[in-house]
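As written, the chain order gives the labels A, B, C and D, with residue 1 at the start of each chain.
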Amino acid sequence: MNGSRRKVLQGTGVLGLAMMAGLFKPGSAWAEEWNKAAFEVKNSLNDAVKALGGSTATESKDITMTSPDIAENGAVVPFAVASKLPKTESIAILVEKNPNILAANFFIPDGTEPWVNTRIKMGQTSNVIALVKADGKYYYTSKEVKVTLGGCGG
Amino acid sequence: MRPNRTIAAALLLAAGLGAGSPGAQEKSKAIQEIEKYRAALGDDNPAELWESRGEDLWKAKRGPKNASLEACDLGLGPGVVKGAYTVLPKYFEDSGKVEDLESRLVTCMVTLQGFTPEQAKKDPFGGPGKKVPMDALVAYVAAQSRGMKMNVAGTHPKEVEAYEMGRKIFFYHGGPHDFACETCHGADDKRIRLQDLPNLTKTSDAQRAYTTWPAYRVSQGEVRSMQWRLNDCFRQQRFPELEFASPASIALTMFLAKNANGGVMNAPAIKR
Amino acid sequence: MADPMKIRAAMAGDKVEVKVLMAHEMETGQRKDSKGAVIPAWFIQTVTATVNGKTVLSAEWGPAVSKNPFLSFRCAGKPGDKVTITWVDNHGDKRTDEAVVAG
Amino acid sequence: MKKKIIVASALLGAAVGCSHMASYAPVEPTNDQVKAVLKGSFREVGQAKLDRIDQDDVQRICSAASAGKALAKEDAERIEKSQLAGIKYPADGYMGDWKAGEKIAQQGTGKQYSDDPAQPAGGNCYACHELTKEEIAFGTIGPSLRNFGKVRGFTPEVQKYAYGKIYNSEAYSACSNMPRFGHMGILTEKQIKDVVALLMDPQSPVNK
């Protein structure tokens, strides 16, 4: 663990070097454009799919979303999503009752496993959707995650 | 580590040995899911970000004397960080006081780096958009005791005095709610909402609790020290504000730390 | 300036498993301060991961990703390869860090 | 329990005749000494003034009891009698609105220095008690109150008991962990009636 942990370099230095080496061209190849419209969708899965460039999404058993059914705190809810759909291109996580439904969207190039593990905020108990784009079409699975209250003063 | 008791309870229920109450099955399910939640957070602990910032701060030349903290004696001799958290709080000849890690860091910031005590104690806890040195230093120092056993001496007369004072504070009821530390932490197998409450008068629970602080609190997105833990317990006890590095805070820490002797440090942990 | 990321990269079977912890507030823009004023949104918007210069993952995030984000994924690679992670937030701040795939 | 350990180590010191150990023998600080250290270690913030460290008889006796001195029977009786005598019952019945009571039972804020004193305090019942089937995030410091009225009967006597217990738990069980919600002015008369209704209304989810 320590081996790789300690090999962290100062950010600007690396970025500067990388830029000089022509590895990164800001705003183009190295960073995706941020899809503002998709992140502004309120709470409709369909609207989110449209904002991402699709038409509709079909429920699929080839997507698995791993998370606890009950979160001890909504500020950090762990999710792992895996897709068995051929030609998986992207994996998104959506929380229906958050102010904006889309939480995160991951783009999976060839050679990378169609699996991501991350942590999401949930304002309250909600349906959570894993949305996968595979071979140009959208598929999803969903589950309810309960968010509980805690503590003695809150 | 943490789940043993609840998992055992869940297994009993699963085997049909549990109580017949209709709520029992749901209860165990809720707790099992909370255990899954805790397990999913696992070892990927943002406290590492504090640890590395703390290491940089420990070595950085700061303050009016432009000195680092590397010569600070945390109880095992100047500059010894490894294992230091396991022997604190401790009586220090140079200051003539019993000090926990945080108050000892204040002493070193004053003596080595030339800060005033007020400067060294200012902003002891971070918050949204506010990074403070103390949290990071505490995370770094505590992490260097990971895997080591708590070993607080508590034999010097001042240490004995602090322990006895801490013990009485633990049982001191006051405020509009009549709460003492003991109200929540004096009996076995209790929960507040869904959070397990360690019985801090019992060795195994005291060890389990003490050895997981400091901790990254996911509810706050911050690494919290034992000083913060006590400060916020008293807030919820409806007491006035416990002052950072105050005699009562150090006495109580002495009581809790010594009761945890033999427990294996696993901090900074990650918690709700 | 933003603190460095913590990046761990190690072989998991024939893939490289990458785990990243990033230091960022991920402020939602929904919260109010003690005086009732809205705290402006401040969050990482894009993340890019490369191995030896080739993109292995990219992501777009909203403010619903947790504070001090954690991300894990599995990509092609071998021990000694250089993993580089870059994030850019809505203020235009950037951070890039590297790690070498452990054997 | 701790008390026993301390006594044992003191005895050991004496038996071995180890003089320096005897000189380090722990001396339990007096309540006044503890109070002085606390007063010097806390600062007033918002509504939480330093007088919150001053103890009434109940708090003083119960602190000594929880620290190892067994609660004397006379003390327990004296506490229960004096506290019972101080309960002020409402003139117009014990029952309020269970829906308002449920909100009070859920709310954990109130009386902390971080709370706005202009806002009503909560009862935070769920922190310690199971109440309704729907709320799974309940604590276990106090007993389950599921089906409180159904089990005990929906009678005025039980309503009165519930009101009194919430108003001043010490009147029924000296050194109880439960706050004295009415006596200490945490909840208003109306709020306590709402919580009584949560426990005692046949339509309340507590009794469903």
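The working rule: contacts are C-beta pairs under 8 Å (C-beta built on N, C-alpha and C of every residue); 3 or more make two chains touch, one makes a residue touch a chain.
Note that this is a predicted model, so its numbers are computed, not measured.
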| item | value |
| --- | --- |
| Between B-C and A-C, the pair joined by more C-beta contacts | A-C |
| Whole-Å separation of chain centres (CA-atom averages), chain A against chain C | 12 |
| Averaged-CA centre spacing for the pair chain C and chain B, given as whole angstrom | 29 |
| Chain B-chain D separation of Cα centroids, rounded to whole Å | 25 |
| Between chain B and chain A, distance of the C-alpha-averaged centres to the nearest whole Å | 33 |
| Touching two or more other chains - residues of chain B | 30, 48, 52, 184, 192-195, 218, 221, 235-236 |
| Shared-contact residues (touching 2 or more other chains) in chain D | 112, 114, 126-127, 136-137 |
| Of all residues in chain A, the ones touching two or more other chains | 5, 8, 70, 75-78, 146, 148-153 |
| Chain contact topology (line, ring, star, complete or other) | other |
| Touch relationships between chains, expressed as pairs | A-B, A-C, A-D, B-C, B-D |
| Chain B partner contacts - residues on chain D that touch it in the complex | 1-2, 23-29, 31, 33-34, 37-38, 40-45, 48-50, 52-55, 58-60, 62-63, 66-67, 111-114, 126-128, 130, 133, 136-141, 144, 146, 177, 179-180, 184-186 |
| Residues of chain B touching chain C in the complex | 44-46, 48-49, 52-53, 128-129, 131, 216, 218, 221 |
| Residue ranges of chain A in contact with chain B within the complex | 5, 8, 66-73, 75-78, 146, 148-153 |
| Chain A residues touching chain D - in the complex, by the definition given at the top | 70, 146, 148-154 |
| For the chain B and chain A complex, residues of the former touching the latter | 30, 33-34, 36-38, 40-41, 48, 52, 184, 192-195, 218-221, 235-236, 272 |
